[in-house]
């Protein structure tokens, strides 16, 4: 049908290949038109069994091929800037995996380019906003049902980290999700970041101080904190406790079958983000597709990408200094209000 | 694309309309080709905003229109037999909402017709098999992880019943799901049914004795029971506890945000089956579509529909007599082994 | 002080020795005066470190020794009748571990003897009534907060059984607690018992059919059932779910520290009744002591002991016949109203 | 009996009166000998129904009366110093409600006096150490079962505060419990305190900034934090999450009957510390009595009282400055090793 989105997926790594399968098997109203990867073999493997899809090594070629009406960016972050600018130039709907770009300066260039274009075209892949419990907590805060929100306590735990996961990546790749979540929940910008380093686990690779305790404040003074612990071994956990004037709300609790055997009660911990947020990715991509058909975006904006990049910069500085670091933001363009 | 399923949805009531939206918005590889309802206005309302779909009043017209490659049956049960036979005649893939047909005799006719056709074409809409926790419990039983399964305790509760919900419908429309679930979990047929009637709630409509306690046995002697309580007011609940030689497993627990306010802790009860099993319907229909493209079915068979119909007949008899009633089944055709 | 109860503990087995420690270390207003056991060595070991206590082999000697003002009976059940009659003759306050006596006939003799005495002197050791959650559920039922009580579902699981635990003991020693609990919760007598035997665990000793499903009805038609499973391996569990017109209430859930490690979430299952009901024993004995000082009893009566004995007789008959068996009770003496 | 402790309870306010009832009704091996209060009427009311107890207005008179063999101090904190010194002089076993004294200097005087006496006589009333879950977590940490302890996250919430509860009392009366708990769990001293003040609830009285986020470190670098929120309205909560190298352990979860009604699942929040820690008080006092009979103490020492007083001083300073404040401690006398 005329309104089926023909998507070029840029990047055929783990996330890209996952999105290709998602678009092909579970998303309605979109098809995979092209997969672009510097490794053509990997691109070819990714399109296997998908009729009508082509494998390419050059993103520009995909965008100009005539058959592409939307772009999903899933390359490493340092390549995002050029692809985003090229896609904006062609006025295509874009879903860009986080981060928007790796630093606040280049993110700001994207915001400026989109502002010049005059319409929102970029949706950033903060998929947690599409998780049912995240959405429920956001609605609860917005509703005022329990009065004003006062504090947010976040736990973010991974069983282990991939090779080469640096100390800075704890902030840039992990806590970045909480930066966006706190902005999403409060509807406010984060104004400062402090990082506490205490006793470290012996299970972290050299150069990584794990866990870390990240302290944040928002414009209205909401105190947020994040326990980031990425070599926690037991499993994957992302949970939030929100303290209100009239109540406390928790999301992200353990789930699944409840078992009693061999002297214990309980269940299985979620092993990774795919199990925890798999459904959220589906909802996110479907929301993007549905909005793109109408010429809109259906989730976090380039401004959200820029603002979290600024938080990350402050966070990494705070990791080093131990001091409270102010988050510096340019004035928000009217396009994002 | 060539392998997109063009689906005729027969019946534009609540379930049918829901399936139309599902096929249109969330299912990949299928489109709504036609919606058939005796009420043309309702059929027309259902296809609004769906390009390429037509509204009709005659199922045969839809099946013969040339544009239809699959059938989803969502009419009242008493109409199923004729539609199923017509669709089988045309060798179309069929997803039939439960019940297969309202009684064991007519269900057996469907089994015979499909057996003559020589291939499985009908998938019956016992969607609970596609719920993540149901599937997990079935795998757990199959794995032998906790030894032999000994007992199954089921709770099935609805907040209230629609007008005209008779005493027999407690068995035929509600417990029928547990009949299938117990067969699914154990991989065995149910051999007998007994029904206990005790103290009744004042909240049930006249003629309905609610709650009821249904006792079942399977071929190997697994003792199952179902507390069916359809005017339970507090909300919707479908839960199972399985007792093994080496452990106990529960599924169907309450979920969602955990709130503390006004002196209490807890969360919101699921209000109805849509919230509890909405995702299961999506998985079910996607599984059917994916299998249909390959010329297969992706879920419960016509035999499952027939066997549960026989359980329902025994259940209604047991309701009346208070005695243990044997479930009578014809020999299973080889097609279903 | 004058009102300190000087208690003769009859029986120095596990329960008796436990009560001696309880009276000595944790109960206020009572002291151990004598411990009686046919095995004098065991009696002597039990009073070690308890100043003022004597070890004896003859219960009558203890009762007549002049220093005893109350009796706690913890011998095997077949010895209860004679000790109870002797203690009633001396008009002493009595706490009698369950069962009152092993059968309905001898229990009725006790009821008659106490009725002749004209005052309640015997408290029976159904300690679950003193568990905080049991008491809470009983109050909830009594309050009418959730409307009428309709159904009671009980789970009673032990990790394993001691040697010599016969099929009849599943009823007489285990389900007897639920007989009393159901009478306590409903405030009604049990009118019939049915027992279902299905697939059995390989972990039960020869001669024991485990698990069993016990079905009960009360005077007003409340349907109760008990899943009794005494070789369940995983641990100890006693739980109840009560279904009301306006809600469902569960007691007996797992408790304690919540742990996540090695891919799983949860905690440790209670290993046995001592951990589950230890505090209830303390509350029970303190209630008995406090009441005894006032010349009263503080818990279940001899009538409760007699009525549960009658349920046990019906239960054992139902185990054998597979049929629903009526519970036969004599008229309740006015003393117990 | 000779070894029954005759206790003088000093202070007949809420805590004192509660202890009198506890000693009289539930504690074995101790009796109330005297109740001292500046308000003789209150003292007299408190001993009503307790044979052998006298009411007095002068603590010294009680200590010298000849009938007193132990002292329980439950006056306001500013009176503790003189009573403790008087009781130490007479070499009596003492249970002193927290705080030991209101400031580190006077607490140090008590430590010095006890050190001069040369034996531990004072047990401080940090009753949480006697809570079953607290004790379980301490044992878990000590066992090394989950590797090294890395972080401790505490939540301390009250429904509201009594009149006159100042900003400093959030630290001195509430967080003081966590100061002791963190020392108990880690077996280490606290080395610094920082306090974050953010958005405040409108439900706090004037002059109180509520909630506050208190950040602590221990000698080995364990990062602890306390969310103290004393006008949280929903109920009372004291909970801890401990992060280890190989797992996460939570204590203090909600408990009690699990109810589903009117669209929600859950239970009742504990309304106050009496319900949460009532059993812990019983265990604490029984442990003190049992130890006192042997000439020992059975819980936290005067050093624990002094060290938490030093933490409180640092905490109040940190509240004012917003900076991280070092906790200053004198060298620990050998008596406490």
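Read from first to last, the chains carry the letters A, B, C and D; within each, the first residue is number 1.
Everything below uses one rule, namely that a residue touches a chain if its C-beta (ideal position, glycine included) is under 8 Å from a C-beta of that chain, and two chains touch if they have at least 3 such contacts.
Quick caveat, the model's predicted, so the values are computed rather than measured.
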Partner chains shared by chain B and chain C (touch criterion as defined above): A, D
Matching chain pair for B-C (criterion: over half of the contact pairs shared, by residue number), options A-B, C-D or A-D: A-D
Where chain A and chain D are represented by their mean Cα positions, the distance between them in whole Å: 45
Geometric centre distance via CA averages, chain D-chain C, whole Å: 37
Distance between chain centroids, defined by C-alpha means - chain B, chain D (Å): 58
Shared interface positions of chain A, touching two or more other chains: 233-234, 237, 246-248, 259-262
Contact set on chain A toward chain D in their complex: 147-151, 153, 155, 157, 196, 198-203, 211, 213, 215, 217, 220-223, 225, 227, 229, 232-234, 237, 241, 243, 245-248
Residue ranges of chain A in contact with chain C within the complex: 233-235, 237, 254, 259-269, 271
Residues of chain A defined as touching chain B within the complex: 1-3, 24-29, 31, 51-52, 132-133, 136-137, 140, 146, 244, 246-251, 253, 255-262, 279, 286, 290
